[in-house]
């Protein structure tokens, strides 16, 4: 079980690193989209500061969703998924390994880029640390929920947009508490409650999502 | 009975495979060869009927069944950015067999020279051989092969026939579908088109398996 | 057989030229640095932070210049299908991106003491940021294909599309910024250019220009070598 | 030439309608993403009003980009593109027909949904008409530019996110003038200049983009 | 000379095809059969050398050349949501031939019964027959066929052979690549592996075309 987990984790990280530009690209999407907002709402720093946490989180949501949309796609198309589901280990463990590899190679760089973008959006420096902590707790939840969606739409013709629909509403709790933690920190209020809720959401999805995902994957192969 | 896309593909089918046996699935396109193999690999579930192994239903312990069968489908599951050997080694490790047999497996399908070539540079036949090498790299008693000779040239087909014979001599079982000719001494033939559910006479009234001609 | 045989004369010429060019670059940069860091006067208002300008302005200029070189090379590559042009374009892109990034980074460092913030959405700053994205897009596309020639050609088309768009982007960003004139922002009014500043500045621009040419030539040499290796390794 | 244009247009519209959910999906992505913003920036109507035009345009940009990313993908994968490029008519015309079909089936519903979302974001009613006009002029430009990107990434390893990095920076002018037209209308200023510029951008891309796209498509088939 | 992925595939190749001729391209995987056909269809551009038609270079008027050639590649270009007849009719209209021959084309490849079936329900062989039906639905003098027999059963191959003979009798030309057996009376054979650029002796010194054995 552990061995299978590590085997799949290692292989997926290796694939991501060899394919090279993938994780960079997700960061690039994140950065470019965030930068679009000043063009949209104008350059006034007061407005930008007010919406900075919201824009960062919404964009992180979109970036996570877009990069997840192909989490199982390649394995499905090249037949690897047939064999992954037939490994002598629970499929949920294999799913967890794939999600972990994906998070390490895409969400982690994204979190590293977040403070820089926060500067561009004139967020007050008090928010930076909490932003990073909230993202470290929130993005794995996004990845886990996204994996369910990615598995559900396997084989669907218009994968990308469909996934968006299925999973964006599920992202809302993460969004709300992620933003409110940062806002509280910026305004000097307590933010531990929000952080705890983010941690609880993570725990819950860690238990439920891999199971739901493995169910969806088996259906996709029928 | 097997239903795909709301349409019954075959029904009233019943057979058993013994140690050392080979079963050849034939029939025109769409008769359900691939479906039957995926059923036996537990990638599909029968609409009715059941699969047993040593008289126990395989659905009860699907992990154990997965461990004792190897499935080779239409798709080769070769990652373009991994070297050929890395590809085979990953599948061997995942099947729980470790990497001890990997080099022997590459040798068996004449792939040693290509071991370090990344998957994307392999031709269709080379990929197929890498897929087949998994059979040797992670041994299992029952092989389920869906048109394994696709894209293989004559020499490679001979290597495969050789492996099949050796596997059966060691008590292994093979279920294999094909449109092409393949040498499988003593294999029984199952013509799946006889079990299409639209037929007037119940298909089970006919002889089920016949010796290969 | 080799499907890529670079003009032998080009290789021989650069091989002879490079040591001299490298030496000259080092010399000019050294003079420029010493002059600008030690001998040019500090600004009465900005103190020593004005010295950032001697890196900032040359890198801004080269960030723009490199895109023009890349676009010219892409046009040649698309029209005359010269492999050397593809190699030139690929060699230029990371350098242009690096200079653009250097301009942004130094400007940002300068902005903190001058404007009290790392970044403002000023028109010139913003269009420089978009230019950086165009560079990054170019490099990502050029490397996104298993087949290298395919990456070359797709990136060349993108680069030319970008050339058409850069003036439009620049113009629209100017418009955007003047429409929402922000109150809190101090415009980067250029300090009156005094000869004591102009001298070291021009020297540094020349030094950066030479550095750019040297680096492009080095990168082209290694690009040619890589193409030859690929051609050899695929012969088997 | 006209006959070929109409044949391709008719076929692509028929494909979109038969595949059914596609255009609905784009609208749904648009709606869901816009709705995320009140969660992200908080429910205060003053803030939402201030950023409404920007959010609508940025989201329209993203929706356009996401749905375009597969404009040629299916035709490329199933071999149709080989035959489309060999039709006895200029490839640019065929590209124009495909873009037109895509715009009719995705951007048009999106424009219809925009005023509704503007209400959700508390935009002042003075802006609605200009928003629709600006979108009618701006979204075809987005589709045309996006088509170039979609053609460029054919066969690339990571289509989805890559296309974003390529074309989002090129979308900036449309975004700026689209937003500023709406803002001007809301504030009671003249907005004809912006509308004229949007029209000019459309004209320019109508001429250039199909050519660039057909160039990119031919390269992709080599 | 043809260069693919920075690698020369074949060089020094020269041949001509007359009205009524058939040219059979053979050679192992990767020898450049598909590349040559795509070159002739103007989907690829030669690194050097040129293609002519009636002594005029085809690159000068690529639209006219596209109109007088039909290309059948590895991919069938069948849309899953369109009925088989809609699929064929679209390609016929696009080629400028209108829809007058469509029904005859379906008949020719025994597809009339499937005319209203959507593409996604077709088997591989049926899709391939629909792809071939384009040849009849939009007539053109030169047919470029890349392994047209893939996925076809014997009866369908016979239908294709029949069509090929009729096309040539009417003065049409055929260039066809295959790994399988196909009956093409009087066809000339071009073995592409002889023109791989690595060969020591200049390939053009050898006999270029030889009658089919």
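Going by the order they are written in, the chains are A, B, C, D and E; count residues from 1 in each one.
Note that a contact is a pair of C-beta atoms (placed from the backbone, for glycine too) under 8 Å apart; a residue touches a chain by one contact, two chains touch by 3 or more.
Everything quoted here is computed from the prediction, not taken from an experiment.
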TODO: Figure out the least number of contact steps between chain A and chain E, where 1 means they touch directly.
DONE: 2
Open item on the list: Can you tell me which chain lies farthest from chain A, using the average of the Cα atoms as each chain's centre?
Closed with: E
TODO: Return the chain whose centre of C-alpha atoms lies at maximal distance from the corresponding centre of chain C.
DONE: B
TODO: Would you mind pulling out the distance in Å between where the CA atoms of chain A average out and where those of chain C do?
DONE: 34
Task: Between chain C and chain E, centroid-to-centroid distance (C-alpha), Å - done: 48
Open item on the list: Just the number, please: Cα centre separation of chain D and chain E in whole Å.
Closed with: 38
Task: Where chain D touches two or more other chains at once, by residue number - done: 19, 157-158, 162, 165, 168-169, 172, 176, 222
Task: Shared-contact residues (touching 2 or more other chains) in chain C - done: 133, 136-137, 140, 144, 146-147, 176
Task: Interface residues, chain A side, partner chain B - complex - done: 3-4, 7-8, 11, 14-15, 18-19, 77-80, 82-90, 221-222
Open item on the list: Considering only the defined contacts, which chain D positions touch chain A in the complex?
Closed with: 19, 21-22, 25-26, 28-29, 32-33, 36-37, 39-42, 47, 50-51, 53-55, 57-58, 61-62, 66-67, 69-70, 74, 157-158, 160-162, 164-165, 168-169, 171-172, 175-176, 179, 183
Open item on the list: If we count contacts the way the header does, which residues on chain C are in touch with chain A in the complex?
Closed with: 117-122, 126, 129, 133, 136-137, 140, 143-144, 176-177, 180, 182-185
Open item on the list: Please output the residues of chain B touching chain A within their complex, sorted ascending.
Closed with: 41-45, 63-64, 66-67, 69, 71, 73-79, 81-82, 86, 90-91, 93-96
TODO: Using the touch rule from the top, collect the residues of chain C that touch chain D in their complex.
DONE: 78, 130, 133-134, 136-137, 140-141, 144-147, 150, 153-154, 157-158, 160-162, 164-165, 168-169, 171-173, 175-176, 179
